[in-house]
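So, here's a batch of structures to check.
Each of the next two complexes has chain A plus one more chain, namely chain B in the first and chain C in the second.
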Partner chain A sequence: MSGRIAVLVFPGTNSEDETLRLLRECGGDADLVHWSNAGALDEYDAYVLPGGFAYEDRVRAGAIAAHDRMMDRVIEGTQRGKLALGICNGAQILLEAGLVPGTGAVRRPTAAFTHNAPVPHFVCRHVYVKLAMDPARSPMTAGLANDAVIPAYTANGQGRLVATPERLREIAAGDHQAFVYARADGSLGDDAIPNGSASGIAALVNREGNVLAIMPHPERDAWNFNHLDRAEGSDPLAPSGGAVFFRSFVAGVRR
Partner chain B sequence: MRDALALRDDELERIALALGREPTVVELHAFDAQWSEHCSYKSSRHHLKKLPVAGGDVALGPGEDSGILHLGEHDGVRYGIVIAHESHNHPSQVVPFEGAATGIGGIVRDVLCMGAEVIGVADPLRFGRVEDPGSHQRTVARGVVDGIGAYGNAIGVPNLAGDVYFDEGFDDNALVNVVAMGLVKLDEVVHSYAPPGAAGWDVVLVGKATDPSGFGGASFSSLVLDAGDEEANKGAVQVPDPFLKNVLMRASYRVFAMLRERKLVVGFKDLGAGGIMGCSAEIVSSGGFGAQIDLDAVNVAVEGMPPEVVAVGETQERLIWVLPPEITPEVLRIYNEEFTLPEIAYNARAVRIGGVTAERRYVLRHRGTTVMDVDIEFLTGSIRDELPYVECTRVEPARRELPAVDVETLLPKILAHRDVCSREPLYRRYDWVVRGRTVLPRGAADAGVLAPVPGARLGVALAVAGNPRIGRLDARYAGAHAVLEAVRRVIAVGARPIGLTDCLNFGNPRKPEQYGEFVAAVEGLSDAARALDLAFVSGNVSLYNESKSGRAVPASPIVACVGAVRDVGHVVSPGLRRAGSALLWIGSRELAVGGSVLAEIAAIEGDLPAIDYVAENEAMGMIKAGIARGSVLSCRAVGDGGMLVALARLAFDAYARGRRLGFEIDFANPFCETGGFVCEVTGDSELDLSGALRVGTTLDRPEIVANGSRFGIAELRRVWSQPLEEVYP
Partner chain C sequence: MSERAIAIRLKIPDNEAYTALVALQRLGVEAERLERSEIWIVEDAGDPSSLASRVEANESVFNPNKHRLEVLASPQPRAGEVWIEELGAHDEVREHLGGKAIDGIARARRCVGWRLLDRYGEPVSRGTVADAADLLLCNPAIEVARLGPEGSRARREEAGDRA
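Right after this comes the complex of A and B.
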């Protein structure tokens, strides 16, 4: 594999440029691929679905985009083992496409990222997420330490994971919880969860470990200048915690 | 649909005289829009000439859709900050969500059309009293915030700055001001006029299919709102489509890149007031041309609309290009095929609708007939309306009081006051970090800061100001105060102020007392900007902010200030840094309570603090120098609630970042709003202390000790952060 990464742009995507730039800074061979050029996706080895409001979040965030022509290629590619990472709206699309947690059929989601709780509003807030599985469970996280804590921003109106009790048990039993919300020191607590997400889940992974959907944005806390708690005198242009996750992803693509 | 025209009888007579015939229906509506205050600034323009518009950092002054400031250089490239500021008051009062959303949509297009990437927005808001959950005021206050969030979040532009005041003076007429900022390389600016040699070029309309929404919008905003007309007025409000705008922006960025590759100079302009007619007439007229437009070529949402609706209706999400004909097919291909506009929204597309003519006439054709044919200069440039005004005087206090200050009871009350308490319940609904360039997010400090150029240390800061408690006392002072406060906020984060914009929200210009407030405020803006050697590069006037009861809003000159940061590593980060530092107050310490939160809470009156520009410049210079030397650890401008509130905010900011620090101060009246700065400085500070007063010391525990009264920071922060939770849960 040559390790080429496609950053998918759906109508309504809004985080493609910073996602592309960080992938490249982390050594990734990445390009933007627009919806009118879906066929080009076959030339890539991994897919990144960035944040935004694809198809205006009509019906449910990610629901329409999951049926876009580009997703035909992503579904087919991931079934053949290609990697797919969805961030925020990208995570919602992967879930609506049935790729995470991947416990049902394609395009038949078994859970939902839905309106935040207790108040169903858009919430912008700095958060930390903690790796909740063995790093080796997915090539995308293999470069992270056990219990790695990654800084990110949550910025969505529909980021709360909900599922039936059986489906939640399935998620736990199948080790599909990739990241959970945590405090900066890695400890857990309700105050660290910005939206009432089930079990504090911030990211889901499929059984094979090649599809990962994360709601908060690590790429928005990617450089020291993004990070309010940076050490005094640190180089503002040096990578911060969000880049650690992207480096691991890029390494997973090249593996 | 409203058929009322805002044109006056004498204006109608002038039109008929100039045309030598009765105007057509289309012409009537065209002049109605083009000669409205909203489009023509007919009564305000000659007063606005008093404002300073030139200076060292100005790359493009007022006159086009946005102004441009020189930010700095990186890798030999000179970068500009494109900035625009306007109001969407009337629409937001009638349909708050859509009115505010289209405010963001419109201001973003003003910045986009300069060839810029849109990088940030700000939203100065003024609402009425929202205590009653069932009130229209609360509906407006919520709907506006949700509209701004829904639009800005979807297009992916971070919200960096803003402020909000709640005052009964805005009960019938909320103010929704919007600011947008863009990044452009200074040699790649696209102008809002047809370039030299453009005769025979194409006029290309791009965006949403024209529909009947927003018909009469320009003249609507130049009328006084009448509650009984609300249903009829709703038709004048446009419908936002941030989804289409998101795609339109990205497609336009692609067109910019294509034009740069081919080194082509073209014209690009936002459709705002006056619709297709207003935009196409202005873009060709300001280049010295005329135009012939074929209304049948316009992509429409419904067939059979009257020509005047197609011509002047204010459907959102549209722009006009003036292009050499050989490049038109490629531009149409990018919008319609690469970015599939027709699939994004019904019949959205880019389409050629006419041509630029050497003859200085503006001609509209519809179904084979000419429905408008006028001298373009007469249409776009000739209107002027000098209205009488009464010299505005200060509302002098009935009494001059300075009570003994009981910090123990006053501090919690002031922190919970609606003008002082935390705005986070409101701005957490906005995305302040999309695009990944945010250094100081919304609410983290006095100004928002971005690192706009990827890979560069350059930063840009943005802050707004405008205090209605002062506006109702003295309009001229309020103008000066808004400039000083916006500038201080930018300085407090470590930026160098490089330019200003203004939005002037006032009452009915046909009432000499209300108009006098506008005239006085412009003088105040001018005084302060000249004293600080800053220019206004763009702005907007919103008049007729008056309810049918005849009451105007408090004089509301609202200012935005842009700052340049040479190295974002040196931005002053939020919150107290360490225990044992000295706390300094730099600036005037006059004991005056006029216009303060203290005066309102204690029900007292007093004089406004004197403005001393020499002292202001000195204070600003000291802070700049202290930050540059690294001796200022934390800093805030002193504003609503006074010095003690500014210090409490520094302690709250530290607490939110996990630093358990506090401070102890002793000062006669720490709630006076005399301006200046409070800052924490290093013990071995080289700061020149002359003119600075040491008011206290930081503590190693989360406690505030003020004039002997003790407060726990966790509890005080709760008092400060709760009040707006009910309005914005």
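Right after this comes the complex of A and C.
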């Protein structure tokens, strides 16, 4: 595997540049691929679906994009073992496409990231997410330590995981919880959950471990200038914080 | 207190409905037009004849430059239509009516109504509406779909087939 990474751009995607910049900083061979060039996705070994408002969130967040021709390629590629990472709106698209948690048929969603609670408003806040599974469960997290805590920014109006009780039991039993919201020291608590997400879930992974959907943005806390925990006098343009997750992702693509 | 339904539609081009129609057609759903409405199911203690004007007076939910409002004959989807309602949605009237109370309305639930029409402008069959809900319009993890009755055209065609 050559390790080429496609950063997908749908109409309305708005986080592609910082995602691409960080992937390259972490050693990734990454390019932007726009919706009008879906066929090009066959040349790539992994897909990153960045944040934004694909198709203006028409019908539901991620619903139209999940049926876009680019997603035909992503579905086919992930079924052959390619990696796919969705961030924020990208995560919503992966859920609408049925790729995560992957407990139902393709394009038959069994869960959703929907309106935040208790107040269904946009929430922009610094958060921490804690790895909630064995790092080796996914190639994308294999480079992280057990219980790794990663800083990120949540910035969405629809980031609360919702599913029926039966589907939530499947998520727990199938070890689909990739990351949960946590405090900076890794401890868990309701105060760490910004949006009422079920079980405090911030990210889901499919059974095979090659598709991961994360709601908060690690790429927005990945440089010292926007990293809350930066050391005094550190280079503001040096990568930090959430970059550790992207290094692990890039290493997973090359594996 | 009576349960009534109001439909608010755009009278300017509805880009969201067009996008959804194109996506549905790509998925094989046979429809030529798609109409989208914001449906409010309200519990109203006021004068039924003034319901439209009372809602239209709330400028945070009704903009006469781009909306038209219709009080529906019954609080049920029509032929060719499906109402999509979010599970566990809040029903506090102030949240759904733009933070402002409307005289007489005690509670309100909001749905999105999608009405599919064929090339003759007639409602498509109930089965086609069900397909549209299943394939795109409804995420059963968070939403519930209420289908309208079979349309008269579909009933006529079914009767013709039997004859």
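The rule is short, and it goes like this: the second predicted complex is superposed on the first by the 255 of 255 C-alpha atoms of A that agree within 3 Å, B and C clash if a C-alpha of one lies under 4 Å from a C-alpha of the other, contacts with A are read in each partner's own complex, and residues count from 1 in each chain.
Please note the rule applied: a contact is a pair of C-beta atoms (placed from the backbone, for glycine too) under 8 Å apart; a residue touches a chain by one contact, two chains touch by 3 or more.
Model, not experiment: these values are computed from the prediction.
Trainee: Given the alignment on chain A, is it a clash or a fit between chain B and chain C?
Mentor: Overlaying the two complexes on chain A (C-alpha atoms) leaves chain C and chain B fitting together cleanly.
Trainee: Quick one: classify A:111 as touching chain B (first), chain C (second), both or neither.
Mentor: second
Trainee: A:56 contacts which: chain B (first), chain C (second), both, neither?
Mentor: Both chain B and chain C are touched by A:56.
Trainee: I'd like to know which partner A:236 touches here: chain B for first, chain C for second, both or neither.
Mentor: first
Trainee: On the A-aligned overlay, A:167 touches which partner chain: chain B = first, chain C = second, or both, or neither?
Mentor: A:167 sits against chain C, while chain B stays out of touch.
Trainee: Would you sort A:35 into first (chain B), second (chain C), both or neither based on which partner it touches?
Mentor: Only chain B is touched by A:35; chain C is not.
Trainee: What angle, in steps of 10 degrees, lies at chain A between chain B and chain C when each chain is taken as its C-alpha centre?
Mentor: Vertex chain A, arms to chain B and chain C: 70 degrees.
Trainee: Return first, second, both or neither, reflecting whether A:220 touches chain B, chain C, both chains, or no partner chain.
Mentor: first
Trainee: Which chain makes contact with more of the residues of chain A, chain B or else chain C?
Mentor: Comparing touch counts on chain A for chain B and chain C gives B.
Trainee: Quick one: smallest Cα-Cα gap between chain B and chain C in the superposed arrangement, Å?
Mentor: 5
Trainee: Determine where on chain A the residues touched by chain B overlap those touched by chain C, and list them.
Mentor: 55-56
Trainee: Considering the complex alone, what residue numbers of chain C touch chain A?
Mentor: 15-16, 19-20, 23, 26-27, 86-87, 90, 95, 135-137, 139-142
Trainee: Quick one: in the complex, what on chain B touches chain A?
Mentor: By the definition above, chain B touches chain A via 149-150, 153-156, 242-243, 246-247, 250, 337-340, 343-344, 427-441, 444, 451, 454-455, 457, 567-569, 571, 573-574, 577, 657-658, 729.
Trainee: Over in the complex, which chain A residues touch chain C? Could you list them?
Mentor: 55-56, 58-60, 63-64, 67, 96, 107, 109-112, 114-115, 120, 162-164, 167
Trainee: In the complex of these two chains, what residues of chain A are touching chain B?
Mentor: Per the touch definition, chain A meets chain B at residues 9, 11-15, 17-18, 21-22, 34-36, 51-53, 55-56, 119, 121-125, 153, 155, 184, 217, 219-220, 222-226, 228-230, 232-237.
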